[in-house]
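Below you'll find a set of structures to go through.
Okay, so chain A shows up in both of these, paired with chain B first and chain C after.
Moving on, here comes the complex of A and B:
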C-alpha cells in the first residue's frame, strides 16, 4: 500500500467509526438519564412518605415534651420525643468528643511513622469500617453492660466511637497524604520541627477533607440503632447525665415499632422526619464549612 | 477525504500554494482574557516552522489552537481562522477526530500509554478507530518506527511494556505513535525539554529527517535548537497587558542574523529571556 492509499484508508475508517460512535454516544447518554430517573424513584418515594406522614407531628410540644407511656384508657397519650432528642444529643456529642481527637491523632501518627506497622493498622482500620455495627454493640454489651450490670448513655457513645473513629481516620489519613510533599519540604527546610510542620502546615492544608470525613462519620453515627440499642437502656426523662440510661431517636423508633401501640408506631414517621432533617442540616453545615475553608 | 474544491480555495485566495497550515488573525482567550492575539502566518509544507519566545508569550497556547485542543478547556475560545489546506478547521464539517488525525501532536513529557506494549502504543491511533487488519497494523508499526528511528532498537521486543524504554526512546515512541496515523502536520510542544542532551540531539536529527514525510511546527524555548533545526521562525512576545503577540515571522536565517524588529534581535542575542 502506498502512502496516499494508506492515508485514504485511515481517514475513511476514522470518519465511518466517528459516525457510528456519535450515535452510540447519544444512546448511552439517554440510558444514563433513564437510569438516573429510575434511581430517583425510591428516593422520591421515601421523601414523599416521610414528609407526608410525618409532617403533622412536628410541633413544638412534640419536640420538647418527653415520651409518655400510653395506657389502655388513654392510648393516644404518647407524649413527644424530647427525651430522645436530649439522649441523642448527649450520646452523639460524647462520641464525637472522643472520636475526633482520637482519629486525628491516629491519622497523624500513621502519616508520620510510615513503618510496616502502619500498613497493618491501616488494614485493621479499613476492616473495621466494613464490620456490621451490631458487632460493636454486642462487644460493648458484653464488656461493659454485663460487667457493671448497668445501662449507661456513655456506653452508647463508646460503641459509636468504634464506628466513627475508623471512618474519620481513613479520611483524615487520605487528606494528609494528599498534601503535596513540597509543602512539607518547605516547612522542614525553614528549620521547623516535624511536629510543627504537621500542626501548622500539613493539617491546615488538609483541613477541608478532614472535616468532610468528620461530618460523614457523624452523619452515619446519628442514625445508628444497633450498636447503642443494648447498651444505653431507655429513659423517659430528658436527662443529660451520661452515667444514666438514655433514649436516642433511633432507639426510640425501634422501641415504638416493636411495641404494641399503633399510635406509637405511627409517630415513628415524625421521628424519621426529625432524623432526616438533622442529617440534612449537618450535611449542609459541613458543605458551608468546607466551602468557607476552601475560600481561604 | 474531500480535496479542497475551488469554492474553498476562492474563499481564502491569499493562502500561498505551498502552505499546509495558515493562521489568520488567530487569538486564544481564556475566560475572555486573551492569552495570545492576532497571529497570522503560514506554515510551509515539508518544512520545520518553530515558535520561539520567552515564557508566557503564548507559544504553546497557539500551538494547541492548531489541533483544536483548547476545546478540552472550559472557558477557552479561539477566534480567527486556522486553515488546513485552505479549509478552516474550526468551521469544517469534517468530524473533529478526522481533523485531529491529520494534525498530530508530540508533547513535552513523553507520554506513552503506560498499560500497553510498544506495538500496541504505536498502533493505538489506528486500532481504536476500528482498523483491525493485522497486516496493515504490523506494516504501519514498522513504517512509523522506522520513520522515528526506533525500529532497530525495538523490533525484537515489540510486546515489551512501553514503560521499559528510556526517556529518549519513549519520546521517539510517541513520535512513531503520532506518525502511524499518517498526519500531514506534526505539532511538537518542546519535545526535548525533559530529555538529556544525547537524546535531545537524536530527536533533533530525527526531526530534520521527518520533514520529508510531514510538515512540522515546533515550540521551543531553546532558541539555539530553533536555529539548528528550523527553516522558518515565528517570534512571539508577551505585551504589557500580558497577552502574547507575533513580533516577527521569517526564515530562520533572517530572524537570527538580520531581524526587522529590535526586540527579536535582543531575544536572539540573549539580552532577555
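Moving on, here comes the complex of A and C:
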C-alpha cells in the first residue's frame, strides 16, 4: 500500500469517528472560549466602574484634604481622602515594621530547628493563612480595645500582622529551603558559625524570593477591612500618631458604602481606584523580584 | 551498626538536605536561643489567640443554650440565637459561588493557555492576576452599587419571567440577597481559581500534550484526557483556597445580603435575603454588647471550625491523589 491509498483507507474507515471527534473537539474549545468571555464580563465591569467613576476624583485636593461630613444642607460636601491616606500610611507602616523582622526570624527558626514544638508552631502558622480575617479583628478588639477602652491606629497594625506574618513566613521559608545545600555546607566547612552561614550565605541567596513574599503579603493586607474595622476607630483629621484613632482607605470605603448620602457612595469609586493602584504598585514590585529570581 | 553510625550526617556535624538538622547541637548557643525564643513567642501568641476566643465565647454558648445548633430563629431583638440560617447562608453562598466560578475559572485558564494568541496572553493573564489581588471591599462596592441595581431592575425580573414565577424564582426582586451574595463571591474567587489553574496548566509537560497530539488525539481530547487529569491536584488546591476565601469573606458580603428575616434554616427562594457567619459578625460586632455580643465569638469559632474542616478535607483529597500519581 502506498501512502495515498493508505490515507484513503484510513479516511474511509475512520471518517465518521474522526468527524465526531472533530466536532467534540470544536465544542470543547468553544466551551473554554465562552468561559473566558463569561469571566471577562464581570471583571471588565468592575474595572470600567472603578476607572470610569473613580478617575475624576483623582485630583490634588481630593488626595490631600480631609473628609467632610455631608449634611442635608450641603450633601455634596464630602471633602477628600487625605486623612485616610495618612491613616493607611501609619497603620500599614507599623504593621510592616513589625511583620517583616518577625516573619524572617520565624522562617529562619523553622528552617534551622527541628523539634515537635517548632513543627507545631509551623502548623499553626500555616493554619492562620487560611483563617477568615475577621477573627483577627475580633481577637484584637477583645484583647486590646476592650481592655484599654481606646481605639488606636497601632491596634490595626497588630491585627494586620496576623494576616501578613503567616504569608511572609511560609514564603520566606520556601525561599530559604530553595537555597542549595552545597552553599550551606561550603560555609560550614570553612568554619563559619551557623548564624554567619544564615546571615551571610542563605539569606542573601534567598533575598529576592523573600521580598516577593513580603510584597505579596503586603498587597493583601493593604486592602483588608475586616480585621481593622473595629479597632482603629475613625479620625477626620490627617494624623500620623499611632496612639490616636485613624481612618484607613478600606475603612473609609466601608464607612461611605454604608453611609446615607449618595455622594459618599459614589466617592467609594475614587477610593477604590486609589486602593487598586496601590495594590497594583506592590504587585508589580513583587513581580520585578520574581523576574530577578528567575534570572538568578 | 558501625557503618550506619558513621553514615549519619549529624555525627559529623555536616548538614544534610531534607529533615535533618542543619547544624550540630551545642554550637552557636545565642543563635539557637534567639530562634527558639521567637518560635516560643509566636507559639504563645497562638495559644493566647485561641484562649481569648474560647474564653469569650463561653458566656455566649451559655446565653444561647443548645438551641444555637437546633433553632433557626436568629434575632438579637428577641434574644434568639439559632445559628442554622447563618451556617446555611455561609455554605450556600459559597457552594453556588463555586458552582459558578470553578467551571468558568478553569475554562478561562485553559483558554488563556491554549486558545489566546501568544501576544495577548501576557495582557490577559496580568489582568486576571491583578483582579486576584483586588481588595475584597472593591468587590463589595461593585456588588452593592452596580450588580444589586442590575439584578433588581433586570436580572431577577428576567429570571422570574423565564420561570413564569415558579419556585425558586418567585416573590419580590429586591436585587440584594443571597443570589447577589453568591454572584459577588463568584466574581471575587474566579480570578484566584483562574490564576492558580493557569500556573498549573502551564506546568504540564509539553511531551504529554505533544505525545497525545501525535497519536491523533484532537485538541479537545488532549484537554479532557491529558491536561485536566494531570492538573487535578493543582486545581483542587486552587478550589480549596477559593473555598476558604469564600467561606470567610466578610466585607464584600456585609452590604449585599440584606440580613436574616425568615425563621427557616434555608432561604425559601432564590431572591431571599439572608446572612453569613462572617458578615453577621462584622455587621453586629460594634453595636451588640453584653452576653449577646459573646454569641458572636461562638459564631467566630463555628466559622473557624467550618473553614478548618473544609481545608483539612481538601488537603486529604490532595494527598490521596498525589499518592495515586506516584
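Everything that follows uses one rule, which is that the second predicted complex is superposed on the first by the 248 of 296 C-alpha atoms of A that agree within 3 Å, B and C clash if a C-alpha of one lies under 4 Å from a C-alpha of the other, contacts with A are read in each partner's own complex, and residues count from 1 in each chain.
Here is the rule we use: a contact is a pair of C-beta atoms (placed from the backbone, for glycine too) under 8 Å apart; a residue touches a chain by one contact, two chains touch by 3 or more.
Source: prediction; values computed, not measured.
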Practice task
Would you check which partner chain A:6 touches, where first means chain B only, second means chain C only, and both and neither mean what they say?
Solution key: first
Handout entry: chain B versus chain C as contact partner of A:145, first or second or both or neither
Key = neither
Handout entry: Which superposed partner A:173 touches (first chain B, second chain C, both, neither)
Key = neither
Problem - Dominant contact partner of chain A by residue count, chain C or chain B - result: C
Practice task
Please work out whether A:193 is in contact with chain B alone, chain C alone, both, or neither, and reply first, second, both or neither.
Solution key: second
Handout entry: Touched partner set for A:268, first chain B, second chain C, both or neither
Key = second
Problem - Overlap of chain C and chain B interfaces on chain A (superposed complexes) - result: 22
Problem - Touch list for chain B against partner chain A, complex - result: 1, 94-95, 97-98, 101-102, 126, 129-131, 136, 139-140, 181-182
Fill in the blank from the handout: Residue positions on chain A within touch of chain B in the complex are 1, 3, 6-19, 22
Handout entry: chain C residues within the chain A interface of the complex
Key = 13-17, 19-23, 27-28, 30-32, 34-36, 38-40, 42-43, 46, 48-49, 52-53, 56, 103-108, 110-112, 114-116, 124, 127-131, 133-142, 144-147, 183, 187, 190-191, 194, 218-221, 223-224, 241, 244, 247-251, 254-255, 278, 281-282, 285-286, 296-297, 300, 303-304, 307-308, 311
Handout entry: In the complex with chain C, residue positions of chain A that touch it
Key = 21-22, 24-29, 31-36, 38-40, 42-43, 45-46, 49-50, 102, 105-106, 108-114, 117-118, 120-121, 124-125, 127-128, 130-135, 137-139, 141-143, 162, 165, 181, 184-185, 188, 193-195, 197-198, 219-220, 222-226, 229-230, 250, 253-254, 257-258, 265, 268-269, 272, 275-276, 279-280, 283
